[in-house]
Amino acid sequence: MPANNFEYYLLMPYIVIGVGIVLSVVLEISTKKSKELLPWFSALLFFGTAIYSIFNVDQGLVLFSGMLEVGGKSAIFNTIFNFGAALIVLASIDFMKKYEADFGEYYILIQSSVLGMMIMASARDIFMIFMGLELMSICFYVLAGINRKKSSANEASLKYFLLGAFATGFIVYGIALIYGTTGSTSIQNLVENFVGYSSNILFVLGMILFFVGFSFKVAAVPFHMWVPDVYQGSATTVTGLMSTVGKAAAFSVFIIMLGAVVTYGAPNFFKSYFAVISALSMVVGSVIAISQDNLKRMLAYSSVSHAGYMIIGLAAGNKYSIAGIIFYLAAYAFMNIGAFSVISVIEGKDDSRTGIKSYAGLQSKSPFLAAMISLFMFALAGIPPLAGFFGKYYVFFGAIQANLTWLAIVGVLSSVISVYFYIRVVVYAYFKNSEEDFEIESSVGTYAAIIISAAFILILGFFPDMLLGIITSAIK
Amino acid sequence: MNIQLILFFVLAAIAAVTSVMVITRKNAVLSAVFLVLNFFALAGLYLLLNAQFIAVVQVIVYAGAIMVLFLFVLMLLNTETEHGLFVDKRGIKFFAILISAFVFVQLAFLIFKGNPSRTLTADEAASINAGTIQTIGHHLYTDYIIPFEVAGFLLLAATIGALVLAKKKFE
Amino acid sequence: MINSEILTYLLLTPIISSVLVLFFKNEQVKLIRWFGIASSLLAFVISLVAYSQFDQTNPLFQLIHQAVWIKSLNVSYFVGVDGISMLLILLTTFLTPLTLLSTWKAIEKNVKMFTFSMLFLEAGMLGVFMALDVFLFYIFWEAMLIPMYFIIGIWGGERRIYASIKFFIFTMFGSLLMLVAIIWLAVYSSSVTGFFTTNLIDLYKVGPTVPHQVQAWMFGAFFLSFAIKVPLFPLHTWLPDAHVEAPTAGSVILAGVLLKMGTYGLVRFCLPLFPQSAVAYAPAISVLAVIGIIYGALVSMVQTDMKKLVAYSSVSHLGFVVLGIFAMTIESVQGAVIQMINHGLSTGALFLLVGVAYERTHRRDIAFYGGIAKLVPIYSTFLMIAMLSSVGLPGLNGFIGEFLILLGSYKSATLGSTWFTVFAASGVIFAAVYLLWMYQRVVFGKVTNHELEHELTDMNKREILILVPIFVFVLWIGIYPNTFLKMTELSVQTVLQQVSAYSVNILK
Amino acid sequence: MSAVPMEYYLILSAFMFCVGVAGVLIRRNAIVVFMSIELMLNSANLTLVTFSSYLGNSIGQVFVFFVMTVAAAEAAVGLAIIIAIFRNKLTVNIDAINIFKW
């Protein structure tokens, strides 16, 4: 495809982040001050890219002989990734000092992982999906264990690495079969001839293996066993990154691979697969989360059940539900990053104070944090009119349109279960008296991340159409 | 019997046996050695499939670089040998093997059912051409230049990551 | 349909003032209290203005304000009132300043947050009563959960955490199933009207065309949500816990307004949206209502805790309301609406009075009190009025509602049996028994407990000021109910016409 | 080359894949688990090369090239993680490095 200079403006986000990585490496090597400079540099980079991307959703272009799709849906995803990463970087500045791992490399790895996500979401070729996925995953493996003196971080990193690589095995094998049966790795080809290919049993097998691999990445039951340990053991900000934008990237791949179903209305051969894992994820995630006392672990199980809600949209596979998933991912990014930012402020050294007991009487220690964690918990529980509610609403809407009412019912029932553990945090923060005494060190960056997340939860809650309008115009 | 078929069976037998050996040896070093053997057998199979470039890279990168790294780490850590494979958690392990066997049967069944050779007839010339370093290089620097660039970032990230995790001084 | 923004102003008043409360300092307790009362009074005044613009002779929704909200789902901000909701809005704005005034002494911890919650709650309740878009209704329905949850959880009694969680989860359970039904209806609506809609006026045409099998499920989902809120036997178990543990103000609002949201939902949504199912299941639901009436009364009788007694009496009273609604005659539904108001006034007054005693003695058990008539004459008189109104003494408000319901249910074609009326009537007698018995034990006789002489002082001016307005309306409804019956008459007729238009074949 | 039916290669690769899966599930030594994963990747490579060769189309082999790159990167990072964990715990046995429930 001819790409003249004029069209390259849509490539800017990729170029900016790519150049940013190189500059950051140079900065890290050349100056001792990199530790202070890099966070702000990364935040600037991410915010800039996010804002730039959101203005380009109504354009769409496939570049580089069908490798990369820029603008449109990928622009929406780029916005989510970059915005989420920007918030995480803000929240990291003071937290990483407390966590004793404020390396410049930390920010370089975050930038690289975001580049990987952007490539995944923009992929029009399985090569790109695979390379983007691996770029993101490898950065995450390292980020999970960034403080190598901590046993918990080591363990999280190892578990994440082994299960992530295991999933990669499935994905590559699936890709091999897809390639073998279609003779190409182009997604355009895959989408256009989807119905014809699906009569080939090996193609369906390849797709299933591919989806199984990605089900690991989005933490759907029964491929979720790594989630609680990794989320609990990693640095809190890293968990925030993995659980939100990392998950969004994996979902973008699902959406790309189901392009035939979404765009051309091909029959959804994988409906039952998605329906089953989504029902399992919702129920198992919610039920196990009830018994968790560690907040990070609780949010890990809750992320399993949220993955379930989003997969409902994949099972439904219509435009409403896909728009719903993207909306949900954006809302989830704000809710979860906000929640993890609050956790990172409360958290002490050596992983202390992540238990729910540390939140007792938070209201008297810091009314601001108590109000914010409550807001995030209510949003995660899906109480209207907060952003989390609309995510669920759109997804359920798509499901009912696709005659999957039973799945929507399972969804609401597990929401009821999940309400219990979310409001438990509020109970501790407001209704109980403080049990331990500790100082809450306020941090400008983290508070900024919290306030921005909260603001967007409210804005998306009151004016969901703002974002949904952009999304629908992007996926048309 | 055709010489290719004989070669295939010999190499396939080596690959299959060594792969089983990799996961059953108590001593991790032995596992690694068998894995190297397995990689060599695979390289042979790649040659049989006319994929000369990949066969060479398999030997250089996989057997040469990656496995040496493995062995190096194994020697460095000097880890104790595991207890027998079926000493503890026998139930779970048995179950895992059962599942794997089941998956294999399933895959084999589907491969026969899908019967790809029915539709794919190998064109010897095209096949040989596909495996040459020239064709692959051409693809790599034209159509697949973007993934190639990404691979650069991937290796950069991996280098930085490995340094962060393993460098001796911890500031 | 004339556009009017008055309802939006009414809705915005508590929302804006609740946000403003957050800007006060924690220490400015008095200022915050005055601000809360002033802004809720302002809301009351605005609701009176709205009432003055309300046209009783118009059976349609009035004072409508519609604005596009979520285009992609065709959801609009759409508010309006008919007679039924106008009355309930007035009840809400009337009770809120009174309850805020009642907390002058009772709430000392974190007044700022309390005032914020109360105003936010008021906004949620008003929104529920004026929303004419199912989606909007759902948002308000859920949003008002949060402040109530905080009110019970922070300022409640000993078992407040248990009670608040139970309250939250029960309500959430019902309402989420309703959400599925709402989405289903919205999706289905496109096959009837050609576009997705959650607009209630459109859905009134869509709902009755839903195939019967599915309609029964839809009806069930809506009904379950409302029945939990009412609460209908056997879904009532959250109510005694919530009532007993909530602070007085919380109980008053809970009994006075929140429970009415359930019965209001039945009238506004269950009957007109799913007329066929509503008629088909009316007898079964009425059985539950009657069981609730008798069960609530019997359980009240054996209570030793005054607050619990009043709480269970709510189960009984709300049973009447549900019976009246599902009898589906003009008299019975009008009676049900009046009874909603009555219950709000009389039970609210009872909770306030129990709260007054509790503030002084910190005891609520009936056995602790005795012979207080001599110690606190004003209090005893007030308690008597509130109680008689709750019992349904002719001349006071309770009588009107119960009489109309019994009369209507006796004539009802949907119920098809007079046994309902007979059993329900026994509930009236039981109510007289348990309330009068409690009154006798608490007020008459000799002073049993000498602690009372020191602790129990008579009502002060502020407390009198709270209760007198309530009693004015108690008498007004009792003596001249026409003011209120007129307001609702046409609206009730409209609802019943919608039901009978679609279910003629079932009725005959 | 048509002497060897394509299915033979595919079956061999499926077998290696399943052996790799079994290895991941039953072995406790992190390095051996990692080796089993390498086995899985290699079996996928074999499938890719087989298809590529029988299709007469080199995309599969280009992909194998990328898989090898990724495997190398993963090996570097993975072994670094294992070294880091060994420094703290003096073991690479997965069961022994469980602070959390697995």
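Think of it as A, B, C and D in the order they're written, each chain with its own count starting at 1.
The rule we apply is simple: a residue touches a chain if its C-beta (ideal position, glycine included) is under 8 Å from a C-beta of that chain, and two chains touch if they have at least 3 such contacts.
No experiment lies behind these values; they were computed from the predicted model shown.
Should one ask which of B-D and A-B has more C-beta pairs in contact, the pair is B-D.
Comparing the centres of all chains, each the average of its CA atoms, the largest separation from subunit B belongs to C. A comparison of C-alpha centroids places A closest to the centre of the full protein. Between the CA-based centres of subunit C and subunit D the separation comes to 65 Å, rounded to the whole angstrom. Mean C-alpha position of subunit B lies 6 Å from that of subunit D.
One finds 31 Å separating the Cα centroids of subunit A and subunit B.
With centres defined as mean CA coordinates, subunit C is found 70 Å away from subunit B. Not a single residue position of subunit C touches two or more of the other chains. Each of residues 107, 111, 116, 144, 147, 151, 154, 157-158, 161-163, 165-166 in subunit B touches at least two other chains. Within subunit A, contacts with two or more other chains are made by residues 127, 130-131, 134, 138, 141-142, 145, 148-149, 157, 180. Taken pair by pair, the chains that touch are A-B, A-C, A-D, B-D.
By the touch rule above, subunit D contacts subunit B in their complex via residues 1-12, 14-23, 25-29, 31-32, 34-36, 38-39, 42, 45-46, 49-59, 61-62, 64-66, 68-77, 79-84, 86, 91-93.
Subunit A makes touch with subunit B in their complex at residues 18, 21, 25, 64-65, 67-68, 103, 105-106, 108-109, 112-113, 115-116, 119, 125, 127-128, 130-132, 134-135, 138-139, 141-142, 145-146, 148-149, 157, 180-181, 200-202, 205. Per the touch definition, subunit D reaches subunit A in the complex via residues 17, 20-21, 24, 30, 33-34, 37, 40-41, 43-45, 47-48, 50-52, 55, 57, 59-60, 62-63, 66-67, 70, 73-74, 77-78, 80-82, 84-85, 87-89, 94, 97-102. Within the complex formed with subunit D, the subunit B residues making contact are 2, 4-5, 8, 12, 15-16, 19-20, 22-23, 28, 31-32, 35, 38-39, 42, 45-46, 48-51, 53-54, 57-58, 61-62, 65-66, 69-70, 73-74, 76-77, 79-80, 82, 85, 93, 96-97, 99-101, 103-104, 107-108, 111-112, 115-117, 120-127, 129-131, 135-136, 139-140, 144, 147, 151, 154-155, 157-159, 161-163, 165-166. Only residues 323, 363, 378, 383-385, 389, 393, 396-397, 400-401, 405, 408-409, 412-413, 415-416, 419-420, 423-424, 426-427, 430-432, 464-465, 468-469, 472 of subunit A touch subunit C when the two sit together in their complex.
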